[in-house]
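Consider the two complexes below, in which chain A is the common component and chain B and chain C are the respective partners.
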Partner chain A sequence: MSDIPAIEVRGLRRVFDVRQGLFAKPRQVVAVDDVSFSVPAGSVLGIVGESGCGKTTLARMILGLLPPSSGDVLIDGQRLGDLDRRARARLIQPVFQDPFSSLNPRRRVRDIVAMPLVAQGNIAGDEVKRRVGEALERVGLSAEQGSRYPSQLSGGQRQRVAIARALVLRPRIVVCDEPTSALDVSVQAQILNLLAELRKDLGLTYLFISHNLAVVEHVASEVAVMYLGRIVERNESEALFAHPQHPYTRALLDSVLTPEPGLGVPDVGLGDTMPDPANIPPGCRFHPRCPLAFERCSHETPKLTPNEAGFVECLLAEE
Partner chain B sequence: MSALLDVRNLRVTFGGTAAVRGASLTVEKGETHCLVGESGCGKSVTALALMGLLARGGKREADALSFAGQDIRNLGERDMSRLRGDRMAMIVQEPMTSLNPADTVGSQLTEVLRRHRGASRAQAVDRAAELLGRVGITAPGLRLGQYPHQLSGGLRQRVMIAMALMCDPELLIADEPTTALDVTVQAQILRLLAELQAEFGLGILLITHDLGVVARIADRVSVMYAGEVVESAPTAELFAAPQHPYTRGLLTCVPVPGKVKRGEPLGSIPGVVPRIPPGFVGCSFRDRCAYAHAACKHDIPRQHAGPDHEALCTLPPGWTDRAAA
Partner chain C sequence: MSVTVVPGTGAARRLLRNIGFVVGATIVGVTLIVAILAPWITPYDPFAVDLVHRLVPPSFMEDGTPANFLGTDQLGRDYLSRLIYGARISMIIGIATVITSGIIGTTLGILGGFYGGRMDDVVMFLITARLSIPVVLVALAVAGLLGSSFILVILVLGLLLWDRFAVVARSTTMQIRTLDYVSAAWCAGSSQASVLLREILPNIATHLAVVATLEMALAILLEAALSFLGLGVPAPLPSWGLMIAEAKEYMFFTPWVILVPGIALFVLVLGVNLLGDALRDLLGTDLNR
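Let's turn to the complex of A and B:
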């Protein structure tokens, strides 16, 4: 394994202009705000965080589907902008959250899976056929299922199609945006076991976005926690789950609903005012909702404090 | 008093294939009834059939189907659409398919109230902003002016929840309403639903894959497999003493935070849901069941494991206790 990280992002930022009316001045939504990290080849970086905090936007920038407002993405040591579309497709592939809308309903499964190969433009027909067959088999789909349309498959089978399509070019990196949230727990386990097996056999690197913290704990080697466009804590998976440092990370872990009847739904004291990405608070961006906030938090921006394998961005950790 | 929603032996077919082959369930006023089961087992089709929203080609039959004491099997489309979005509301599984991409969030939200209640534009905007606040969306002004594709997955889902609540429904059918949400927002939404139940006696039929959600909020759980409700019980009983081998399998697949072992495969139920041919008799789970025997190829009895606990299985009630001993 090389020392060059599979994914490296530096100072990544993305701003959207949002208009509130025809004549109103557009407001700026800062979806991703100065994010930097690297993912070593062969490892899994889990990304968790509040909905709307910028995870999908980050993933789309890493995949080259959305240009950053500023900052760089390096894939396997090469700047994303320097790679042509086909070379990029051979390196990095997505599995999106929604198996329903990310597959073309008018194409048969095997044609959907063949698309990335065909788009390369230089792969012979029978080679395409062979590799599609191989990819379908790898994800546990039969040849008969390969000739169906997406609407004739169950949610779990459709997600397998999306994974087969992502793997058919044998990429080094797969970006998974909520790959199992539409699936029942048994099919979810099958898909996660498949992803783990592929990682072992093919040495894949994953960026793994999920709201399911138990799943992230299971698959990720490191975890990054995002809040309002920034990574506020990053650490080895084990350390992060054993002793979360950022108050937001703690709130997340405390909100997990374990399957124990009678315990009700916890209120972790974040209040009901969600953050407004068009109006980011000064100081620590989490302070208006933080149960542990003190005076300095409202005007002093926390620095990164190193932990086992990453950092935490909180004034309490600086003490 | 009759239940708010009463469904008996619901069947839905698309052309020759049966998507739902016998679903019975009730939702009382103020009750939360959760429906769980394998992908593709017919949960969404059941929900859509109850709302009269089946896709073209879908055919619905039922021995009984009533809402607030009224038989709705033969209601015309006009009467049905008067109920829908007003007294019975639904949150569909894929928000993107039911939001109009060409229209702002604000006008889609306000439209519901204006159509059903004849509210003025200003009243409707106030109500929309209030509900967006309650589902945890700040800066409603900003969000009301946005188009669906400009929202994150979780924001879209919350817009759908707000839309379903616009007219204070008596019954809410929610199909995976919190899957796109992080756990803190999920907790907030679930607490909001509990408040509405306490305030207005809202009845909820909730479809979810998240057994953590089920455990924490359901009064009653029904488990579907291959188009049938195979087990139904009060929540605590279902988790403590599952009867049907499918239910048991499902419960062992849940990854529990702090208890997962990295590097080891997660437990899953081997095999896939079979295709059920017309005229099929017996238990549809038998090919995947470790306890299958000859009787599973014949009609399956609906057995009582408790006064309020039913399972569609040949195994004697209480067998799990003995299996565990």
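Let's turn to the complex of A and C:
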């Protein structure tokens, strides 16, 4: 393994202007705010956080689908903006959340899987056919299923098609944006195991985005917790789940439903106000919901600081 | 949630079970075949004047002769032959207009919907500008400046009836360009042309097919209206609108001269509209007109 990180993100920030009407001033929504991290080749970084925390915006910037407002994305040591579309496709591929919208309903499965190969423009027809067959077999689909349309497949099969499409160019990195959250529970495990198996066999690096902590714990070697556009804690997966340091991480872990039926939804002390990325609180952005907030939190902004094992962005941890 | 029809047997069977589709397709199909075969199936030359036998009633009416099934017009020309050649003109106008306006409108709509921003502002301006131009006024100006001709009618209609194509192509493209399969195509390294032609165009095609039927019916009616006003197809070409215009002087004494082309026009437009409605229902497209 080389020392160059597979993904390196430096000071990434993305601001959206949201129009509120013809005469109103557009509001600025900071979806991702000064995020930096790196993912070593061959590892899996899980990103967790509640809806609207900027996970998907981050993924779209890393995939090159959305230009950052500022900051850099480096894929395999090269700036994303400097790569041409074909070179980028050979390095990094996506698996999206909803397999019902991620496959073109008007194309056959084998044409969908062949798309990245065809886009390269220099791969012969026979070779394309062979590699599509190989990719389908690898994700557990038959050649016969290759001639079907996506609407003739189940959700799990569709997600396998999406994975085959992502792998057919043999990329180094796969960005999985909630790859199982649209699937039935019984199928989720199959897809997760398939992803884990493929990673081992092909030496892939994953950026794995999810709001499902159990899924992230299962696949990730390192976990980053996002809150309102920032990474508030990052640590080795085991350490993070065993000793969460940020109050938000703790709340997230406590919010996982227990199999005990009588307990109901656990109260984690976060209150019921949802955070608003257009109106980020001063000081620590988590302080209005934080059960441990004290006076300094409302005006002093914590920095992502390393301690024994990981990184935490909390004034309590800085002391 | 948009319903997508899988190309295959299921869709075909559903189409055949829809009465509107069957009736509409039959009317349009028969008209098309008659129009294509016109020179071989017409009993007489539609331009042959026979002043001895003027305004002969159809053979099933009193005083009718078996020689002229639908009778003859004020110049003694066989009405059935003129009607069949008229179908030719209506179909050519309808199809040529849909092709021309379809290409213009779809191109503009996709570009506006896909690129957004400035490009979309320009497209929206063009659509608004187009909607504020009355077709009949333009046809009047063109006929006044250049005289009336068959080609000019096609051009006027084709260059003016693209607005609905543009509106529908624009809004459907806007919906589709944010879907994950378009994102996946970008990530796969596809070029812009490939994303537009392979991902977006096939998925808005069903919506455009419905618009095409609406526009075809409109074009056929407009041609008849323009010809009736003397701004469209020039005599002696047997356009249905022109036949109605020529017949209007005689309609109090021989009402069938106006009924025959009128019914033909009504049936064809009804057929095209039935076809369009059936397509819209079956393809799950909802066009709020």
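By our rule, the second predicted complex is superposed on the first by the 316 of 319 C-alpha atoms of A that agree within 3 Å, B and C clash if a C-alpha of one lies under 4 Å from a C-alpha of the other, contacts with A are read in each partner's own complex, and residues count from 1 in each chain.
Just so we're on the same page, a residue touches a chain if its C-beta (ideal position, glycine included) is under 8 Å from a C-beta of that chain, and two chains touch if they have at least 3 such contacts.
All values reported here derive from a predicted model rather than from experimental measurement.
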item: First (chain B), second (chain C), both or neither touched by A:Ser36; value: neither
item: Contacts of A:Arg27 with chain B and chain C, given as first, second, both or neither; value: first
item: Touching partner for A:Ile92 - first (chain B), second (chain C), both, neither; value: second
item: Touching partner for A:His211 - first (chain B), second (chain C), both, neither; value: first
item: First, second, both or neither for A:Asp276, with chain B first and chain C second; value: first
item: Which superposed partner A:Ala196 touches (first chain B, second chain C, both, neither); value: first
item: Contacts of A:Ser298 with chain B and chain C, given as first, second, both or neither; value: neither
item: Dominant toucher of chain A (residue count), chain B or chain C; value: B
item: First, second, both or neither for A:Ser255, with chain B first and chain C second; value: first
item: Which of chain B and chain C A:Leu63 touches, first, second, both or neither; value: second
item: Chain B and chain C footprints on chain A, overlapping residues; value: 97-98, 101
item: Chain C partner contacts - residues on chain A that touch it in the complex; value: 60, 63-65, 85-86, 88-90, 92-94, 96-98, 101-107, 115-116, 119-120, 149, 151-152, 162, 165, 169
item: Chain A contact footprint on chain C (complex, rising order); value: 4, 6-8, 179-181, 183-191, 194, 198-199, 202-203
item: List of chain A residues in touch with chain B within their complex; value: 16, 18-21, 27, 48-52, 56, 97-98, 100-101, 154-157, 178, 181-190, 192-193, 196, 211-215, 217-219, 237-238, 241, 251-253, 255-268, 270, 272-276, 278-279
item: Parts of chain B lying in touch with chain A, wherever the complex brings them together; value: 36-40, 94, 96-97, 133-134, 136-139, 141-142, 145-146, 150-155, 157, 176, 179-188, 190-191, 194, 209-217, 235-236, 239-240, 249-251, 253-258, 260, 262-263, 265-269, 272-273
